[in-house]
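Take a look at these structures.
Below are two complexes that have chain A in common, paired first with chain B and then with chain C.
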Partner chain A sequence: MSAYVTTLTIDGAIVAIVSIIIFALYLVLNSRKDLISKMANAEGYDSEGQFVRDYVAGKPRELGLSIFVNDDAKSLGMRYIVTSLFFFFIAGAFGLTMRLSLTSPNPSLLTPDEYNVLLTEHATLMIYMWAVGSALGFGYYLLPSHLKVFRDIRGVFSSIGYWLWLLGGALILVSHSSVRWYFYPPLSLQLNQNGGGLYAWLSVLGIEILFVGLIITSITILFIILFDRSPEVKRNQFTLFTWSIIFTIIMILVSSPPIMVGFALLFYDYFNPIFFTAASHSVLLFTILFWFWGHPIVYIAIIPYFGLIYEIIPKFTGKQIFSYKSGVIGLGLLLILSELVWGHHLFNSGLGFAWVLFFSTTSFLVVIPSAITIFNYIASLWSAERIRITTPMLFVINGIIDFIIGGVVGVMQSAFPVNADVHGTYVITGHFHFIFLGITTGISFAAFYMLFPTLSGGRKYDVKLARLHFYFTAAGSMLMSSAWLLGGFLGMPRATAGYFPFFQPYQLASIAGGFIIGIGQIFFLWNMGKSWLKAPSVDNQNCLEQVNVISTEMTGGAQ
Partner chain B sequence: MSDKKGRNLEIYFMAAVIVILFSSAVMNYVEMSEHPNAVATDAPTPPAGSYVIHVVATQWEWTFIYPNNTTSAGAFSVPVNREITLIVTSMPSEQGPGVIHDLYIPQMDVQVYAVPGQNNSVTFEPTHTGSYYFECVEYCGEYHYEMRGYMEVVAQ
Partner chain C sequence: MNSKFVGVAFAVMLVAVAGLSLAYELNIPEVHAFKLPPVPSDAKIYRDVTLYAEEPGWDANLGPAKTNPTLVFQVGTVVNFTVIEEDTLPHTLAINPGPKELSNADIVLSIGPPQYSVVHGQAYFNKIGVYTYWCTVHPLTMVGLIYVNKTVSTSYSLPKLPANYPVNYSQTLTINSNGIANRSKGLDPTLYYPTGSAVNFTITQNTTTNASFNIAYGSNVSSYNETALNATQLGRTPGKSASFIAYLKSPGEYTYWDQYNVADTVGHIYVANNSLKRSLQVTNGGIKLSGHARFQLPIVNSTNAVFTLNDSSHIYYNFSISGYSFETLNISGNRSISFNFSFIQPASLLFNQIKPVSHSNSIYVYLYMVNVSVNATLTGYVIDGIVNQNLQFTQYTVVNFTLNNTDSLNNTIAINPGNAENSSSSIIVAYTPSSVSSASGYFYFVEAGNYTMWDTYHPSSNVLLITVISFGGSAGSALSVRISSIDGSISGIQLMSADVMSCPSKTY
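And then the complex of A and B:
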């Protein structure tokens, strides 16, 4: 227990130092803001916010510290993009540390408790801070251009949403909880090292705050789409990315209220355990509330990226997407059907025949829109005369392949007889890492590379390093996830700090894969550092913000 | 690829996907009806003639209570060629409260949650003697990974 107090004190000190630095930066930027306000007055504006937003609206924006004080949509977008990247590297380092400890069948580098803490934080931060954060980032950044918004007036709400989301993530990070990303009680109510950790309650509080931020942000983006877009952009002219963000937001708003109530009741239980206890016979109730959100969240982490793929492909094939209509229908059906499958995470908990049958059947149905979407991508690529194989395009092609593998495993584990054999094993881990690394992570990087000339104010990224980044990420995740699938089919349990020695070959293969991915990310960081130091040499436009521009000349700085 | 050709191809492709999904759904239904797994019951009534073992999960040990009321911890044995019913629940121990666990015996296709305040039952029939590993596959706290062991299937 005293170890906890020490770590928390150290964390507290780090947080305090970081806060002081941020405050100093804030003071500097604030004095600059005074300057802006003088300029605004000179131009006849009442509010400097409005002045800045008008001044920057629709113009390419560069990455800089000012994005943390300006609250126009593009700044918000960049805030989310850089913050989510930051958390990607933190959570990724946690993942690699876990792998390192698993080199031996008995916990080596980490104690079981440390392993469990990293397990919890890796998953929670990757999902809520990386996958969701980066989707919101591209939403904020691209939508104003795609919808030609005529006013940018919701900065205050957007900013509140962002800071709450960040505060929630930070609280989860410092809570050192070991509740896993499920937060299942009674484990999460067990406030010691045996269970959820001394400060598990702090992570419950953190995630609740994060949700409040997420809801505010979602409503704000929806308002931007509905009320701030240029009247000349009709509904049937929305880009597929816009549709994907609309569907994602509907999904967030529909699926999160039950689990927010669930977390509130869980928090209540810390003071007076009456809701999710053995005596109340309602332990499984929390798991149901959780998965009612837990399945949609994995689609929230995928639909925006499906939308981005639709935007990326035409830029490098020089041709419109195969079918706009199937694109919208596919993503829309994905939204509706994936609200109905959450029970497939609880097949072996005792739901009973009727429920299990219902959820496995709906899980088969959800494959239909996924197949429509994948067909649409492949048909678009197939019918193109010529595909420019740029780094973003490589990420897209790899993402499609990874999604097909992950999706096929998904259907297999939706069959109840198969599920009894794979639930709780590394098969599941393999299933979603194929998708999270191939689509969520790969497409984020693809879009980031395409935005690079704009974000960096007219610089080019180094193509060789970008290729290396791609090949290491793709090959590493293929090795890691395949090894997990194979080991999992033999019964290798996931979420364990140690394992039966006969699983070691599969663990070692996946660890090798994990480290190959890690090396790939070093190429990315190196590339960013190197390219940012060079002088601007290209114009700062990017093609991702341009709508319906498909001529091959208009491919911006993406190579 | 002309528009019409592409459209037709899309229809054929989707039809094939739907046929595959439909047959999977039917197979799923048939299999499930034959081998129901993990059924929750308040007062379990195991099938007559079944060899019933009560399984209690605690942090971090599996305890098996045989029909003759003897108990075994961390490992258990069952007779071959006989229908076995496990009735599984979770209880507090001196380490902590009853939390959710999940008993998984890969080679028997058996998987069942141990939920505090609930009894889940599962039935299977081993056909070969030998030793089979089992493990806990629902994260249950610090020493979750140690909740594993062997089930011996012995001649009657």
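And then the complex of A and C:
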């Protein structure tokens, strides 16, 4: 017991020191803000925001360390984009290692404990740091342009939000947590140190901090949209991407309070277990608090990307999107319905038949907005005279295909009898990887490529390498997720460090897929290095920041 | 900041950060790693212990007997371990505090081929308590206990019987060449007594060789034991008998044996605090079910609603429990999964829905394994001396019936649901023809309710009622189930395969 207390004390000290360092860092940044306001005064500006906007903000941002010290929205956007990319590679390395360890049915490379740690970290970081971070990044980066904002005054809050989010993610990363991304008690409370559970509480603290950052950021972005946009941008002129960010923010603000309370109670339970214990009769409560958030978060991870697709398609078809109105309605309905389906993750947990029926039905209804959105894309492509098949466009088309597959499987597993069989198998893993890789990841890269001329200061990316990046990512994820689906339908249990030899072909196929994806990312890195080494050759504009640009005469346009 | 190396730097940093994170993540901290204290230069007490390392178990001697001896030391002893390789497999001698294996144990020494190689190691025990010594390669078989006491004598003796203490039990045993037997309880019977019992053992010699009757505290044959009756007392004349009153003051498990025939005579005595229903007690080693793969069979404590599964198997089940549960639990090897059931309304738990991956075979879970020894007499079944005593079990109990033929007639045990004999649905679990002394069989009580147990040859005299109470909870009650790994505590829910062929039993 005393050893435990000592450990806690030391851990607490570490957390405190890290927090102090980050706080100090923040003070430095803040003092830099004073400097800016002095400069603004010297230039005769009333508001330093206006000064920043005229001098830095709104201007295309290049990739560089300055994005970490400037608090204008564009810098923040770039900050999130870059940070999330880092986490994509971190969590991706974890994923590949897990795959590698599954080459043989008995745990080989990784012990089950290590596997569980990597599994947890992979999922948690991919969702909160990659999917969410990248969405916030494009939001911050593109919205000021899309809304022609007339001031940029929310840098402090934005920056606080960012650093808290990053601190949370970092704490999760260092926590060695193995409690899955659900944090279900009593498992999350009772894992011993050898199960990678010694610092599980740290991951709970981390996620709570991350949530605080997320809330601050959401409110800040909402304020930018509501109060900082140019009066000339009317609501019916919002880009679909703007709408998607609005809906995402609403979803975050509506769904996160219960689970934030849940995490707080869970954290308390580490020191005095009174909430999620058998004696309190409320162990199952946590799962409900979790999934009330847990389903919306998976939509938070796609709706912004749906919005981005709406922005990308016109750039390469030379035509407006097929239907603006149904675009807004589709995304809005997704928001509403996805608040009502969370129970489909708990079908096997004794919800009772009436609730199962309810959640099953609402899950089926999600098909309607999904289909509206997908058909809108297809119609936009269909009605185009010419589609320029650029790398971003390839990612978009592949994303649409992947979403259809993943979505259809989603509908299948929303049927209770099917769910009883596939729940806990790789079918689920296949389902959401189709969507996360096709939409979240693919569209992030599509948008990243489109921003490349800007963030590299007027350089073009190497088309051949970008294509290779795309083909490997798309083909690899198709192979990996399909193998999971097939194996899953035969009963291959997911999230385990080993498996029955019967499933080896499916595991091997998905391992091959995973490695093809991994190789694809090498092309991406290669491309970054190679393209940057060339001298700038185009202007540093990109068409993603431009509203209503439908022809891509833009020099920096993607190819 | 328009350097052309930004891209390269960016790419390199991405790879570096990802690589470092991976390296960090794979370094799971073991903060509680246990280390035996360093040997002080002024240590006064030294002991030499020689152990032979062989996969079936540790032993003090070369040869087939594998006793995992219980070691007892005085606090402050420096133990010089000499480990001798017996089977050419790799072994380690790991020691950790507590009565079970922990993965953070201190590894005192490692040994491997060639056969009969010798490795020495030292361990200093400066804290009183129970320690476990084991082999990290063969944790299931090569494991024994170390007691570190304030003082230690070289032999163990049962506490002295206070004056005028009533002798509440008597037990007659015969020493045969194949073991110690009781006429009604069979060979090496497991005996149960309440805490504080004084038991008068009467041992009768039935061989012409030396025999003894030894008792030790703990679950193993130990060199620290009480020789209750020695070879002189028992003699070598069949029919000679001697008595000894054992005062079973402390609860726990005791082992008795004949030191001249350890290979055949080892039995256990369980001493429990309360009046645990005798039938609910399960032995540590479990009972081998013929024809069925047996997984780790640990101890079940029936009075406590916490069950722990020892799953060190690295085999993965989809563990779904309908009714009140979390969602699917994947029991993966070497980790603890606990789950609690809260009952919002009265419910019973369905525990038989363990779906193995291939869907083709079924694996049952059972909560209790019970041994019942039944004597078939002309006047009825005699269980624990009582004629046609009704039995009670909990749902999900596997009952291993041994039918002893004491009437030299044909006897059976048939069981069917309901309050009366029902010849159409009866299931015969044991049958002893007149010429055979005993037979056994098991019955798995999945459903709660009443069952009738009867003898198809003597339906009017040999019949009794079995009540199976449901496993579950009433409204507002709660039940915790803990499934944990070899690192966690032992005990619990047991997995039993109904189909040996398709069960990956070799990993167990």
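Here is the rule we use: the second predicted complex is superposed on the first by the 498 of 559 C-alpha atoms of A that agree within 3 Å, B and C clash if a C-alpha of one lies under 4 Å from a C-alpha of the other, contacts with A are read in each partner's own complex, and residues count from 1 in each chain.
Quick note on the criterion: a residue touches a chain if its C-beta (ideal position, glycine included) is under 8 Å from a C-beta of that chain, and two chains touch if they have at least 3 such contacts.
Everything numeric here is computed off the predicted structure, so don't read it as measured data.
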Chain C versus chain B on the shared chain A, clash or fit after superposition: clash
Chain B versus chain C as contact partner of A:Gly92, first or second or both or neither: second
Chain B versus chain C as contact partner of A:Thr361, first or second or both or neither: first
First (chain B), second (chain C), both or neither touched by A:Ala495: both
Of chain B and chain C, the chain that contacts the larger number of chain A residues: C
Which superposed partner A:Ser349 touches (first chain B, second chain C, both, neither): both
Which superposed partner A:Phe227 touches (first chain B, second chain C, both, neither): neither
First, second, both or neither for A:Val411, with chain B first and chain C second: first
Chain B versus chain C as contact partner of A:Gly424, first or second or both or neither: both
Touching partner for A:Ser326 - first (chain B), second (chain C), both, neither: first
First, second, both or neither for A:Trp382, with chain B first and chain C second: first
When the two complexes are fitted on chain A, the stretch of chain C hitting chain B, from 92-100, 308-316, 380-388 or 416-424: 308-316
Overlapping contact positions on chain A, where the chain C interface meets the chain B interface: 107, 112-113, 116, 178, 184, 186-187, 190, 192-195, 277-284, 287, 347-350, 423-425, 491, 493-500
Chain A-touching residues of chain B, taken from the complex the two chains share: 1, 6-7, 9-10, 13-14, 17-18, 21, 24-25, 27-29, 31-33, 35-40, 59, 90, 92, 95-100, 102, 104, 106-107, 109-113, 115-118, 120, 133, 135-146, 148
Touch list for chain C against partner chain A, complex: 1-2, 4-8, 10-15, 17-19, 21-22, 24-26, 28-32, 103-104, 314-318, 320, 322-328, 330, 332-344, 355, 357-359, 476, 478-480, 482, 485, 487-488, 504, 507
Contact set on chain A toward chain C in their complex: 3-4, 7, 62-66, 82, 85-86, 89-90, 92-94, 97, 106-107, 110-118, 121, 173-174, 176, 178, 184, 186-187, 190-196, 198-199, 277-284, 287, 345-350, 423-425, 456-457, 491-500, 502-503, 525-526, 528-536
Residue ranges of chain A touching chain B (in the complex, touch as defined): 107, 112-113, 116, 119, 178, 180, 182, 184, 186-187, 189-190, 192-195, 277-284, 287, 322-323, 326, 347-353, 356-357, 360-361, 364-365, 367-368, 371-372, 375, 379, 382-383, 411, 415-417, 420-421, 423-425, 490-491, 493-500
